[in-house]
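Two complexes, one shared chain (chain A), two partners (chain B, chain C).
Moving on to the complex of A and B:
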């Protein structure tokens, strides 16, 4: 019995977390089966969602939607990484660049860029490009601002160390600033993932003929709530997986931070 | 004797934004012989650490002349290396990679770099820890890495900015003894900044006592103790006599500072 208790102690987080999710699903199912009168136009329940999920999986529709949406996401997100990181680095390190760019970036970061969705669709058309650009616009700012903050928090002492050994500007970037900013980049990526997914979905809500966002909107319009929920839940699962993947990445990339926290 | 490191009439004023300028050094003149162990002692804020940074080439003085072996010092150079008070180790690099830093910036090929670094890691007694990260090391071990890194590029002059100030008393005693052994073996010229009269007296050939800010040389005290030195020497009356001499030179500066604070 003592043993079992110990096992429970070490998995407490996992056990309680899983139990509460299962409990929630059960409660949802039971409420709609026995207490709340069921009306399929307004609400659905887990058993129906499960059936819909099975159909969408076996017909291949779900994977197709996922592939379409992922493609736009990957393009936009990659562009955000490739452009956001260098921008943030230079902005953080070069004061004049900071002063020059700051007003634009702050305004853009603060405004709801999804408002640009109609414009982007007009300019880039329905399909991959428009969505990718929207993802890029939403995801690039967390990178820029996090990298910027990372550069600002780089220890001057370490810069001086590299300088004292004759390090040039390039060495400062690659041997000090970039590695010390890595944890910030990963933190930025976590935020960017969430925003990027919003970009995809809004883009597909607005104008698309396939993709997860499109399907959610379509099933919503046609009152097929179980199918709609499959899409929503797929997004949730994706977001959780990607974000926790980032957290793992953070631990691998910055073991010294973990060491400091553990002390 | 011909001076090896020479500074003449160094003046340096810091002009921080929105605050009054501070003159750290004014008319600072100084010389060190080749192979000498020379310490700089002075009240806090007298500019002794600043002077090391000037010598290192990280800060340009407003006026004055700096020479090493007859060559003007204009910026960082591999004939000088610093051991920093707060170690300045790159947290994302292993001990080995940290020691390699200077060699890497010098463009030494990887295998030669490795060999040379291992040699120095062995010299400071950290062979078993080559692949550890700084956060896994104690303060004393970190400073050994700092010392190995500074020695790796085989500089002629070793600048040490209160290198043992962050260590506990016993570690400090051990590090002092080891530093003397290493100095004896490598025959570097050492310029050592410290707050500790005891440390300066124990390690040095000569001690320079500086005035309160703006710093200049107040007096030069020759330490007439035989080498190799050992811990027991620190308990003799001769050693105490030397400490008293340094203290007498320093105390007026400390009193002067206290008065300033009250006025």
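Moving on to the complex of A and C:
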């Protein structure tokens, strides 16, 4: 008995957390089965969601939607990495570039660029390009500003050492600045993932013919609530996995930099 | 000449920053003068001068005020509700380890997921009236506030709590004397993030299920190729977010002068 108590003590958070999730699902199911009159146009229950999930998985529909959405996400996100990191590096390293670009980019970062979505869809079409551009626009700024902050926090001593030993500008970038910026890049990636998912969802809600966001909106319009919940839950699971993976990576790369705001 | 140079040196960041923005606008304005746009491109093109003109036209017609009013109500009510719910909940979850463990899986999951995925569900439940937008703003803004309040409460100095307790303070007095003042900077940070999410909720909510509001205006205009109207809406949203975030940022830096400068996150 003492043993069991000790086990509970050390896993208390985990036990309570799991219990509350299971309790929530049970409560949901029981309330709608026995107490609240069930109206399938308005609400659904876990048992029906499970059936819908099985159908969508076995028919391959879910994976197809996921693949379509991921493709646009990966294109936009890659572009954000490839453009955001160099911009941030140069902005952090060159004082005049910082002065010139900072107000402009800060204004863009602070503003809801999602508002451009209808225009982007009209210009680039409902396919891959429009969504990828939207993801890029939303995801590029966390990279720029995190890399910028990373460069700013680079140890001046290390730079002087490389310089003293005859290192060139290129060596500074690749041997000192980039490595010390790495944890910041990962932190930027974590924020960018969330914003990128927003881009995909909004793009697909607005106009698309396939994809996970499109499916959620379509199931909502046609009152197929169990299927809609499958889509929502899939997105939730992915978002949690991606963000917590990034957080782990962040902690491994820079254990001293915990608890950054804006998660 | 020398004083001019000195002036430049003193204000270099401001001068370069303003110059870059002005230059960008000027280049944008000059594009149609320099090259002829193909018919397809011209449909999607507008200039800053045209956007300003359309802005004043829309004000004169009363269009803009009407949409702005609806969006503002959604924003204020939604954000207000999220403050009323988020702060007490954050404090409770921060003070009680058991409640914290119970709520944590849900808070983490909902915070990681963009709450916009619930928009179709909320539209189904509440229709396209004003309440569906208020709710989407509310759930968008709730989590940053809740999480930051909770972090602030958790990061309270244990020594201070123990000192106050030794002198016979009850839970409410501990809250008032130590916990709340300490978590205030965190709450303000949460508020800044919440404002961004709230505006996002207004924009996207109005795109899909609305008959009024600035987001609705943008979506309608884009559908009928009125690019200048789209940009009036987008610029207005930009201006509002900038003013709000910057003013909260000013409060923030006053309150947390002693905290180390962190990464810019909106």
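Quick notes on this structure:
Operating definition for what follows: the second predicted complex is superposed on the first by the 233 of 263 C-alpha atoms of A that agree within 3 Å, B and C clash if a C-alpha of one lies under 4 Å from a C-alpha of the other, contacts with A are read in each partner's own complex, and residues count from 1 in each chain.
Note that a residue touches a chain if its C-beta (ideal position, glycine included) is under 8 Å from a C-beta of that chain, and two chains touch if they have at least 3 such contacts.
Since the structure is predicted, the reported quantities are computational estimates derived from the model, not experimental observations.
In the superposed model, A:104 makes contact with chain C only, not with chain B. Among chain B and chain C, the chain that touches a larger number of residues in chain A is C.
After overlaying the two complexes on the shared chain, residue contacts for A:20 are found with chain C alone; chain B is out of touch. In the superposed pair of complexes, A:125 makes contact with neither chain B nor chain C.
Using the contact criterion defined above for the overlaid structures, shared-chain residue A:245 touches neither chain B nor chain C, since it reaches no partner.
Judged by the touch definition given at the top, the superposed model places A:161 against chain B, while chain C stays out of reach. By the touch criterion stated above, A:232 is placed in contact with chain C alone, chain B being left untouched. By the touch criterion defined above, A:146 reaches chain C but does not reach chain B.
Residue overlap on chain A between the chain B contacts of one complex and the chain C contacts of the other covers 259-260.
Of all the residues in chain C, the ones that touch chain A in their complex are 12-13, 15-21, 24, 44, 97-98, 100-106, 108-114, 116-121, 123-125, 147-148, 151, 189, 193, 196, 199-200, 203-204, 207-208, 215, 218-219, 221-223, 225, 227, 230, 233-234, 237-238, 241-242, 245-246, 262-266.
Partner chain C is touched in their complex by these residues of chain A: 12-13, 16-21, 24, 42, 96, 98-104, 106-112, 114-119, 121-123, 142, 145-146, 149, 184, 187, 191, 194, 197-198, 201-202, 205-206, 213, 216-217, 219-221, 223, 225, 228, 231-232, 235-236, 239-240, 242-244, 259-263. By the touch criterion given at the top, residues 157-158, 160-167, 171, 175-176, 179-180, 182, 254-256, 259-260 of chain A touch chain B in their complex.
Interface of chain B with chain A (complex): residues 53, 56-58, 76-78, 80-82, 84, 86, 88, 90-92, 101-102, 104-106, 133-136, 153.
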